[in-house]
Amino acid sequence: MIIGKVCGTVHSTINHPFYDKRKLLVVDKIAPPGIKAEGYLIAVDSVDAGIGETVLVVDEGNGARQIVNDPDAPIRSIIVGIIDDIVIEQID
Amino acid sequence: MIIGKVCGTVHSTINHPFYDKRKLLVVDKIAPPGIKAEGYLIAVDSVDAGIGETVLVVDEGNGARQIVNDPDAPIRSIIVGIIDDIVIEQID
Amino acid sequence: MIIGKVCGTVHSTINHPFYDKRKLLVVDKIAPPGIKAEGYLIAVDSVDAGIGETVLVVDEGNGARQIVNDPDAPIRSIIVGIIDDIVIEQID
Amino acid sequence: MIIGKVCGTVHSTINHPFYDKRKLLVVDKIAPPGIKAEGYLIAVDSVDAGIGETVLVVDEGNGARQIVNDPDAPIRSIIVGIIDDIVIEQID
Amino acid sequence: MIIGKVCGTVHSTINHPFYDKRKLLVVDKIAPPGIKAEGYLIAVDSVDAGIGETVLVVDEGNGARQIVNDPDAPIRSIIVGIIDDIVIEQID
């Protein structure tokens, strides 16, 4: 799984019915200091995440379909948690 | 999921029968300002997307097969929505 | 899915029985002008593709197993079409 | 599979119930000398790994769900071993 | 699938029982001349591959589980062939 910061929303009117009432968020991938992360994911929200929040994203179709309780859903990326804090420890 | 801009079409006459009447589009991956995205996908269209449109792409086989209603389809990338707008908010 | 150019062949005598009579091709990933693509895939051929041809590759295990009609095959990448042409349109 | 070093922990209170009592670790991807690795994964622990340990991570949903014995779990990355040593041999 | 050169071994005593008697190899990703490849995989061996050999690796969980004949195995990367030679042809 990866972590990211919610930085925007995506709106679509012509789409697969699954997306009709889903909140689609832009998640900017982030990483702890000294580790590289770049890129983004468009993810369906399942925990009422908001702009600026750090979130845990599962980028895998079968698990995502379980969460939305729809075995036919065309989905791959889903937000499954809001991160309170990330504690990085210094390793000698 | 990722977003991209439809920039071209791919034509093939010798192929797996699944592709015989499918519209195959070249989708240039794009990203919100300040986020990196590069590369492309060749995706099957499911929402009648056209050149220049920004689209939502699911790059996952099982979900894609559900949309085309063919459990045996050799497919991985499918366009599932046309994006009206992407709103990025400034985070302090 | 991605597109690539067939540039070589791979030969193996000690391998999983599935590969005993399969043609294994080296596919150099290519992209339309202005889009970045790098890397390669070793793919099983299913359309009698030859050296120098541009091909459509599906890089996903479940779909690949359907094509070779073997639910137990250890396979992920398969060539499913020979590309006649790729038409990129200028977007203003 | 990949190897990494556990360098931190992630805490979340608002999340999918699956994550309520799971230990979530930050795994910095590492590689043998001369091989490139960058990035990280947030992984569920299954072997009681601790900070500073080198671990084996499987980044695949179906296998991860088997380990946690929950066919509906929204999970993709799981730590399945603590690495004692990695022996790289010089190849002429 | 990808090709790589076996360059090392990984030893682990605290791990998922599946890994108790498996040979875990470090596979340095390689590519034909002019094509870029970087990174590595830790792969389970299924063809008795040794240090210095060039191998074919399938990086996909469902196919890997079929080879080890264990539908619950936490595995993603498996060596399925030893490569005798790779023939790259010059394309004009």
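Every chain is named by a letter (A, B, C, D and E) in the order it is written, and numbering of its residues begins at 1.
In this text, contacts are C-beta pairs under 8 Å (C-beta built on N, C-alpha and C of every residue); 3 or more make two chains touch, one makes a residue touch a chain.
Since this is a predicted model, take the numbers as computed values, not measurements.
Number of steps on the shortest path from chain A to chain E, with steps defined by chain touch: 2.
Comparing the contact residues of chain D and chain E by number shows a mostly separate set, under half of all numbers used being common to the two copies. A straight line joining the Cα centres of chain C and chain E is 19 Å long. Between chain C and chain D the centroid-to-centroid distance comes to 30 Å (mean Cα coordinates, whole Å).
Among the residues of chain E, those touching two or more other chains are numbered 61-62.
Contacts between chains close into a ring here, every chain touching precisely two others.
Round the ring, the chains follow in the order C, E, D, A, B when counting starts at chain C and proceeds to chain E. Against chain E, the residues of chain C that register as touching in their complex are 5, 7-16, 18-19, 24, 26, 28, 38-43, 51-52, 61-62, 65, 71-77. The touching residues of chain E, when paired with chain C in their complex, are 1-3, 31-32, 34-37, 46-48, 56, 58-64, 66-67, 78, 80-89, 91.
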